[in-house]
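The data blocks that follow each hold one structure.
You will see two complexes here that share chain A, one where it goes with chain B and one where it goes with chain C.
Here is the complex of A and B:
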């Protein structure tokens, strides 16, 4: 058998599928625009190129992408273990509120300590929010999709209630007071939203990539995620693994909320998230559960998010069209994944010669 | 010609011929057996006849007319019925409800006409000599009775051509006799039977003609009179093999594993384990024989801490009940699980991952929870070489391996990498060809020679007899007798497996 690096082929095919899905989506999206009497080329210039040529636009794109990196990565951690953490949105809110409250109430602390406390607080809250469905799954076999969705309603409404009744800044819209300077993540260029949270997100993606490919923990998650029974039979404590990955997933989603509270805004506002948690699920699927892929796809989503606003201002194309485009990319990637699975993970197989002595 | 004629049937999967240029004629009103080892193409052939698979080439004629079978409905319409190896029954419904599912007789108001259904079913039962209580819930039936429900289903759909797919693999010897009698009745009623099996005695007992398949090729068709065991075996395997033989002699050492009063919970469809007791010594193979479904999986899962169990399991004096699955495995137990694809391997992961799974934290592959790529590759390559795993590449997925090589991956991991002094193997050769089976036996005896204690749980009696020093018989969740290999006979074990001796002895005890 000829030696060929199968891993390289798999990586190539994964990238190929995502790229092809993106191009196909642009094609179909362009057709929709044509039917509306718009020029797709002009639209795509405003959507995809315009934001990238100015420094201001670039910063806006990065700012939009930052929370998506966190939620996309959080989804990936849980999905790798075959646990569908739909509760990212609630965990994100929990992290955002904890960080904001710790950020404006604790006074007189040095910045490093104050930030550490905020980080720890947010991550613990997010992890605890994820622990409840994980525990219910392991202990009673309750499916996590149902519990995490229910948790989303419980947590986000409870947090709105907490902000409005206890942590509200008097006289303003329903939001907390500004956090103290000692708890702020440094913004690169105020008033843009880009801050050190972006760097933390990027580092976490690389760290997760390393964990999945080079550690015992990652190895076990990769095994249990694809065949829980076989993992159990080989002596891996699968229940503990499910709980740990869920808690890590919740903690990282919470960091996405912390980034908004301490970095982008400086406060926590009720209903600040346009669905970062849910977008994270889509990003994870499009990135095919690869942490580095999450980084790329989150940046792409950031571009489309800001480009969409740009497009809306400059042309008559409605903002909903951008959501359609995202949906198309998602659909094509899912189709591509199925295709890839049917072919055993390799897109282009050389025609195998039928041998007499095939065993 | 009356009956079914297949000409030039070929079927290809992923560049491999599952069937190659098969010509087969099944004469009307006869019992035609198809035999071959696992993987010879029997199931593929049956799936083509049932419409579940479409052949790449070839034609099928039914009573002289060419037919095309695109789906199972086509086959059913042509009068082809199948009694599957794995029953397609709904356990909580009654026998008559299961039987009429899909062809329910209805009254004018679209409600089910139970009287008509019962009339139809009773007539079919009488005609074909099928003994069943139509009002019983299927989940409470024995395996043999469930199979009769399957036969009944086929009969009321007016099948004239019936395929039995490995029908005896789940039955006790006594149930087999009933089944074979039923099949003979069907033949007398003018039905045509295709009987797929790998058990020669049964085939020789009932078949009129016998076709042998080997690795997708048709080796030959014999009339019953020309066939005997030796000819058929040499046709099936292509070379002379000795599946008999006796276990290797190793002087047994101290007791390593002591199991006392091990019980598991009863579930709706399984009785669970009932006070199982046995002792296993170093350098000894204890075979656990029994018909499938008498507590074998429960025993494996209870010993491995994968299900709730009570009683006591002591390994070298340490109690293992109450420990987690991971904790138990850390005590040095190697496992060959019953279903290598579902329980032994992660098919969607590379072969490399599968070779080290469960031992990833052993210290050979890295330190402080990290893994070194070089060590992983070196270790897994060494293992693959030592256990002769034929693979396209280490990065290839385990799903790309043949069954024999998949099993070798598991052997390599459990015997070559894991530190153990106790081996639990369940059906370690299921679905393998003769060559691979011999390899597995060799490896198990190698471990035995190293004074390891081996618990071999198998539904293949020949395997138990080949490897075990002592044989425990599991019946309805109880170990009803432990016999020495030297004094054991097939007849005695068969009676024990069927629960006959146990019942007699219980009776004796009462009279005493």
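Here is the complex of A and C:
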């Protein structure tokens, strides 16, 4: 009982930390705006309030948040097992291309079958991209940070090569043709980017929450992530677990790409991602590896992402300022969490005392 | 276009310079017990600072000072967060990288109204080694060397000396191997780590400056393009000592140089050729980790 109590405080504390970091980041961001000669209050109205008061704005926010939900969740899966999957960006692109190519080449299939094939294809590609670093880590002890980053550069090169040489829409510079109607994810309101991918993402978040708090697999991942040696001694096959979580992580990141290809745009373009994969890592850490937290933080990021566009139109503030703001939040949350953990007397390596500990 | 061996070698040194400098930067932190995944971001910040310094002052030397100072400053923040606040070292590296990517682009657009690149700036002078340009191939190799390439080799030798032959170096090694034992022996562990990380930041700053005011003559968005991570690979392959890092960097430099040379010649797509350094990095790191693992298991038997 006592432990549960303590955990409840920690959840509340971590929400407080995120809120405080957000406000602090707004403060620092406001100072930057003042230096640039803009009025921060006006800017924040365009950034945070304006998108939420109109229906169109809300839809746009949801559309911007969708890929972030997938990448945030993907980062969380791997990170729970203490693996840093920095290769999300590459896995996302791989999934997006596979989905788009399957989406426009396979003709005459019923929609359910066509979509299933696209989903399977994208997930397998993403999982395979993540398998290489996972296998190298388990088999040879190569740190995944180096391999996943290198994979990002390699995949990005491969994607441009494939799109430009083989899958290019005639007359366009670097994008595939539109996918067939049978492979499109239904858009809620045509010109906006929101589509059924959003629902899939939300369902996945809840599913992940359930897996981590209620299943044996989730328990194993948590234990391996917290103390690999102890987990091994208790009979958990940690190597297999690392490979499985990495592949799942890659598959989910690939779904984020699929959502862009089949849902938001209807085609795949080289360099379409403004860093969804890297944002996913930030989201995962801000949300303290909690899948439901990922959902909330991703929506917040979506708001800031669309609000940033809005701001860019209305004032002279460049959109990158919003990304600086995101970076500030990220940094403050990391520092705040560490200070909180130190006060709680937890050793510095471990990030979170999860609610699921009590299970 | 004819490709001579001398020109490939010259390019090898040019490509190896930033990797070696950043590698030595990471090495100091690593040997003192502070892992630095943020080399990439530190280089990016420094490259930007160097370009801005050179642009506004008109003097590349001021740019170089700005770049190096920026490297020291970023590493000071890194050291503070790692040593005093004790944030997870990999996470803080990620923060620095993400922050650097976004902040440099923001500053580009705020200062120059251009999100892709800065205006052109004055470069550092290139030098020619006077005695060694007798034969034509020597001329190709020993003329037009970036000042920072020369500085890189000096830095490597200095680092080797500093790390293994001085009191401070031994303190660094001791702090990295066993901080508690070092503390008991009277080493000021935190101070040593701060100093080591900041020396590393200085080298990283030189690496970043090299990219923007010597290799190119402007800052380009995301111009470090993985060199910071290749530098980490070079540290691993070089078995955590400066001359090893130099050798590994030269290897990566050679890969990059042959990649550039191959681009026009082979009939395979350029994107594949451009991936060669990254693929090689994965392969070489794997082999090196595998060998060290084998050696460890032999020891324990």
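Here, the second predicted complex is superposed on the first by the 340 of 359 C-alpha atoms of A that agree within 3 Å, B and C clash if a C-alpha of one lies under 4 Å from a C-alpha of the other, contacts with A are read in each partner's own complex, and residues count from 1 in each chain.
As a working rule, contacts are C-beta pairs under 8 Å (C-beta built on N, C-alpha and C of every residue); 3 or more make two chains touch, one makes a residue touch a chain.
Note that the structure is predicted; figures quoted are calculated from it, not measured.
> Where does A:232 make contact in the superposed view: on chain B (first), on chain C (second), on both, or on neither?
After superposition on chain A, A:232 lies in contact with chain B alone.
> Would you check which partner chain A:188 touches, where first means chain B only, second means chain C only, and both and neither mean what they say?
Once the two structures are laid over each other on A, A:188 reaches no partner at all.
> Which partner does A:178 reach: the first (chain B), the second (chain C), both, or neither?
neither
> By residue count, is chain A touched more by chain B or by chain C?
C
> Applying the touch criterion given at the start, work out whether A:135 contacts chain B, chain C, both or neither, answering first, second, both or neither.
In the superposition, A:135 contacts neither chain B nor chain C.
> For A:214, is the partner it touches chain B (first), chain C (second), both, or none of the two (neither)?
After superposing on A, A:214 lies in contact with chain B but is clear of chain C.
> Is A:331 contacted by the first partner chain B, the second partner chain C, both or neither?
The second partner, chain C, only.
> So in the superposed three-chain picture, is A:222 touching just chain B, just chain C, both, or none of them (first/second/both/neither)?
The answer is first: A:222 touches chain B but not chain C.
> What part of chain B is in contact with chain A in the complex they form?
For chain B paired with chain A, touching residues are 12, 14-17, 215-216, 304, 306, 324-326, 328-330, 335, 337, 342-350, 353, 356-358, 360-361, 366, 369-371, 373, 392-393, 395-397, 399-400, 402, 413.
> Touching chain C in the complex: which residues of chain A?
Answer in residue numbers: 36, 84, 86, 136, 140-143, 145-147, 149-151, 153-154, 157-158, 160-161, 165, 275, 278, 281-282, 285, 318, 320-321, 323-324, 326-328, 330-331, 334-335, 338-339, 342, 348-349, 351.
> Quick check on the complex: what are the chain C residues that touch chain A?
Within the complex, chain C contacts chain A at residues 37, 81, 85-88, 90-92, 94-95, 98-99, 101-103, 105-106, 109-110, 115, 225-226, 229, 232-233, 236, 269, 271-272, 274-275, 278-279, 281-282, 285-286, 289-290, 293.
> Spell out the residues on chain A that touch chain B in their complex, using ranges where they run on.
Chain A reaches chain B through residues 1, 3-7, 10, 214-217, 219-220, 222-223, 226-227, 229-237, 344-345, 352-355, 358-359.
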